[in-house]
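Presented sequentially are two complexes of subunit A, the first with subunit B as partner and the second with subunit C.
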Partner chain A sequence: MKQKRKTEFFKKFRKHKLANVGLIIIIIEILMVTFLPIILGLDPYSIDSTGFNQAPCAKHILGTDDIGRDLFARVLYGGRVSLIVGICSTIISIIIGLPLGILAGYYRGIIENIVMRLADIFMSIPAMVLILVIVAVFEPSIITIIVVIGITGWTGVAKLIYGNVLSVRNKEYVEAARAIGTKDREIIMRYVLPNSIAPLWMSVAFRISQAIMTESGLSFLGAGIQSPQASWGNIIYAAQNLVVLTKRWWVWVPAGVLLMITIICINLVGEGIRDALDPKMKR
Partner chain B sequence: MVKYVIKRLLLAIPIFIGITIFVFVLSNMAPGSPADIIAASSGEMSEEALEELKVSMGLDKPVVVRYFLWLNDLCSGDLGTSTRTNQPVSQMIGQRIGPSLTLTLTSVVVALLISIPLGVIAAIKPYSFWDNLSSAIAFIGTSTPNFFISLVLIYIFSVKLGIFPSQGMYNSGEMANFPSLCRHLVLPVIVMAIQMMGNFIKQTRGSVLEVLNEEYIKTARAKGIKEIRVTIKHALRNALIPIVTSVGLTVPFLIGGAVITEQIFSWPGIGSLMIQSISTRDYNAIMGITVMISLAVILVNIFLDVLYSYLDPRISYE
Partner chain C sequence: MEKRELLLDVVDLKKYYPVNKTIIKEKRKYLKAVDGINLRIYKGETVGLVGESGCGKSTLGRTILKLHQLTDGAIWYKGNQIESYGFEDMRELRKDMQMIFQDPFASLNPRMTIFDAVKAPLDVFKIGTNEERTDRVKKLLNYVGLGENHIYKYPHEMSGGQRQRVVIARAVISNPEFIVCDEPVSALDVSVRSQVLNLMKDMQENMQLSYLFISHDLSVVRYLCDRIAVMYLGRIVEIASKKELFENPIHPYTKALISAIPIPDVKVKTKRIILKGDVPSPIDPPTGCRFHTRCPYATKECAEVMPELKEINSQHQVACIHAI
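Now for the complex of A and B:
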């Protein structure tokens, strides 16, 4: 049964052409940011004393920045950071939000009240503002950025799961399981969870792209990943200077275009997953 | 109706208190008290003078007492004094509300004016050219980081073509005047509108599609009412209700986006004040701004809920 569902999912996903293009580009990108720096021996921190602010040339494919660091290397390392932040923070959101959503929806009562009011509080503070405040208190580093984006994302996951659990918990098969004396833990793991988790899978890709967008926005504001660490956001940060913006396109355009392509491709994959999982979609 | 509004306002109070506790605890976890920051900025200061400063700022009291003192001041509209400018925080926020509202409201209106027609056309003719175009716009709008669009727009329209200014609300040294404001609004409004349009278009398309299948639309058509009238008067009016909700849901994202947009375009709003306060560790200002923004989000949501139940009589106030 499970196997059948899986093959059906892949069959439907393969039909979504744009989603497959997106997936292939993302895979190529992951391979590139992982292996190219090793193969080519690129270093994003070493400073080329012979030239800063160099235009693209044979030695530096994408030129150098204002202190002479190779921008091609920085863009690749920045890609690593962005992808890692996106994926890890989404995992953290799920680790926090999934159990809370299930407990609130299944047991209701006090737990439901506490979790949902907590979610209301979190949702009333705009995520960007909340993240900026937290980052102002705890020094920004890759770890804090991942944790902070992950923590602020739990409400979305919890609310989504909570809504589904509410509709599943009163289904006949759950009541039947309860009637024959199945333990709560087993009911949740065997019946409730598998039947309420699909919408979460549908949203995972969008959550990752959203997290990447948040990280790059933060780094662009100077409140995210800090130099010398590279991130697409803090590479583009340099373009807040008008001279860089107008005279040195090679500093900010490649990172920006890559960031855009990445987000578009992840979202395309997300649409493919959603269409493949959504029983209402027949297209 | 009045009862419903009062009930919603009462329910918002514990959430608001939760936010104040959260924000207060968070900013108290920051390394270095406000007194230390002042001491550091004023250079040499003796141990004793620092202690005295702490006492005068009430920092010698336990955290719980300080929280209630702060909350008490907050309720009487006193958000403390900025350690950066020595101005009252409430006054700083007051000066910035106008520009922020101008920018965000204009963006919402522009986004709606473009998204609703596109969404309606897409719903009337599904899978047509217009439908594909509008979903492409929606997709790209939600997939491009706003700061990158901003930079590209500034590069093209301010630097290369020189049509629109990219900094502030007015030219420097210029008196406030409407034509100049409009020219300064163009680029930041485009950036913020593009971001919102994705959601609005999808929401409009979806809800118009749903409404078009209703019985009363068939009735209207059967009565021989012109198609355009059916769409606008009968379908769109009912489809507007979910659109109202989606506007409400975008408010927190709108504010988040405004922080970045205001910073890039040097717009003198709350968002750029937030960034300035964060980069100088001005905790009184950070706490004040965060609490005020959250309060605004809560109130906007209550207002939209009330509007929602007003637009749709089927939803009861109870």
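Now for the complex of A and C:
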């Protein structure tokens, strides 16, 4: 039975063409950023003293930046950082936010008050300021940034799920489940969760892109991934300089385009998963 | 009347919902959905519970199954007093006490196949091995008229009548003895209604079920029930065997209800009793007899004395001070 449902899920997902394109692109991207630097022996830190600000040429296919580092290498290494930050921090947000949102929505009462007021407190502090403070206390590294972005993001997940659980818990089928003697844990897992999780798939995509952006912003403020380490964020922020923006497109266009494609693809995959899990969708 | 086994005995059951939350006790207001109900259900019989919307029928059904916590009173089930049972004790009992819900579109989990939905009670009570459960579910679904090809469908792929069969199958799969049916056919097409009712009747004969059949449709109740209780504003005003109630209604409210049943014959002239006014609010119910504000025979006394159920004969009880 379980097996059957799994294959059904994949079958439906495969029919969602755009989601598949998105998934394939993301997989290619992940493979590229992990293996290409090793295969080609690229080094994002070595400085080519023969050419600063070089336009794309045979030696540097994406040109070099203002101190002569190979931009192709930097984009690939930056991709590693950005994808890891985006995905891992979102996972942390969900691990914290999902159970809290469900418990608050299902049990109401004290738990609801504690969780929601906590979320309000978290939300009332500007995330950027909180992140800056925490990063200032602990030194900025990939792990600190992942954890910090992940922790500040739980409120969104919790509120979203909480709202959905509130509407689902009063549905008659939940009462019916109670009437046949189902335990709370099972009601949550088999009745409440599957019916309230759909919007999360879209929000996951949004969250990953948000996390990548936040990391970029942090890099710009000097609290993110520290130079010389690369991330898509700090590569793009080089374009703050008007000369770079207008004259040296090769510095920021590749990273920018990759960031955009990644976000679109993640969104498509999110949509595909949501639709494949919905028994009402038949394609 | 032969002596039958008493299955369920509800004694002075009350269910109040708080309307406002004040610390001062005198100012607290309650919505008295169910206000002192006495009801006995014997093994194998069907008791109909009729009344207009908002009179507390559904609340009574749910409170008996303890889906809602009761405010006051006692519930005896097979000689055990269950109103103080905790979750675990009640869980054991739920094998025997089930419920059929009104809206088959809302009472099935949209993300569970009907096979899983019907199998759920067996999983909950861990009855039999997995193969036995599967077997039993298939047999029962077949019995309620849903063949192999429907088993792995989702609720939205089925019609209302089919879904209600699923809901019924889910209610009887654990071999219960008592089922609360909360308007099981009111959401269905007239054409499907009789099929579902016949199915329920069939099952009752085969499985020795007792039903508490909640409905606002007297013709449905007439078809299925042995005894009928009429409810008004949280209280039972008349309870009698089917024959007695339809042939010799005593309470003015029951008379009005019965006069409202359409008779499909142009030659028959019915005297329709039209009640004046609306149902009073259950937050602030009238004093004395709940019905006196709308009763055509009301006297001064009616507003002062709250009538208790009086026995007219062994099969007929009425709560009206004017009843002989």
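Please note the rule applied: the second predicted complex is superposed on the first by the 200 of 283 C-alpha atoms of A that agree within 3 Å, B and C clash if a C-alpha of one lies under 4 Å from a C-alpha of the other, contacts with A are read in each partner's own complex, and residues count from 1 in each chain.
Quick note on the criterion: contacts are C-beta pairs under 8 Å (C-beta built on N, C-alpha and C of every residue); 3 or more make two chains touch, one makes a residue touch a chain.
Worth saying up front: this structure is predicted, and the values here are computed from it rather than measured.
J.: Is the number of subunit A residues in contact higher for subunit B or for subunit C?
T.: B
J.: With the two complexes superposed on chain A, say which partner A:171 touches: subunit B (first), subunit C (second), both, or neither.
T.: The second partner, subunit C, only.
J.: For A:24, decide between first (touching subunit B), second (touching subunit C), both and neither.
T.: neither
J.: Taking the superposition as given, does A:67 touch the first partner, subunit B, the second, subunit C, both, or neither?
T.: Neither: A:67 stays clear of subunit B and subunit C.
J.: Mind working out whether A:245 is in touch with subunit B, subunit C, both or neither, as first, second, both or neither?
T.: first
J.: Once chain A of both complexes is superposed, is A:179 in touch with subunit B (first), subunit C (second), both, or neither?
T.: Touch partner of A:179: subunit C, not subunit B.
J.: Quick one: is A:195 in contact with subunit B, with subunit C, with both, or with neither? Answer first, second, both or neither.
T.: second
J.: Which part of subunit C faces subunit A closely enough to touch in the complex?
T.: My answer: residues 65, 67, 90-92, 94-95, 98-99, 101-103, 106-112, 120-121, 124-125, 152, 154, 156, 167, 170, 174.
J.: Would you pull the subunit A residues touching subunit B in the complex into a rising list?
T.: It is residues 117-118, 120-121, 123-130, 132-138, 209, 213, 216-217, 220-223, 233, 236, 239-240, 242, 245-246, 252, 256, 259-260, 263-264, 267 of subunit A that touch subunit B.
J.: Residues of subunit A touching subunit C in their complex?
T.: These residues of subunit A touch subunit C: 4, 171-173, 175-183, 186, 190-191, 194-195, 277, 279-280.
J.: Quick one: in the complex, what on subunit B touches subunit A?
T.: Checking each residue of subunit B against subunit A gives 14-16, 18-19, 22-23, 26-27, 29-30, 139-140, 142-148, 151-152, 154-155, 159, 251-253, 255-257, 259-260, 263-264, 274-275, 278-279, 281, 286, 289-290, 293-294, 297-298.
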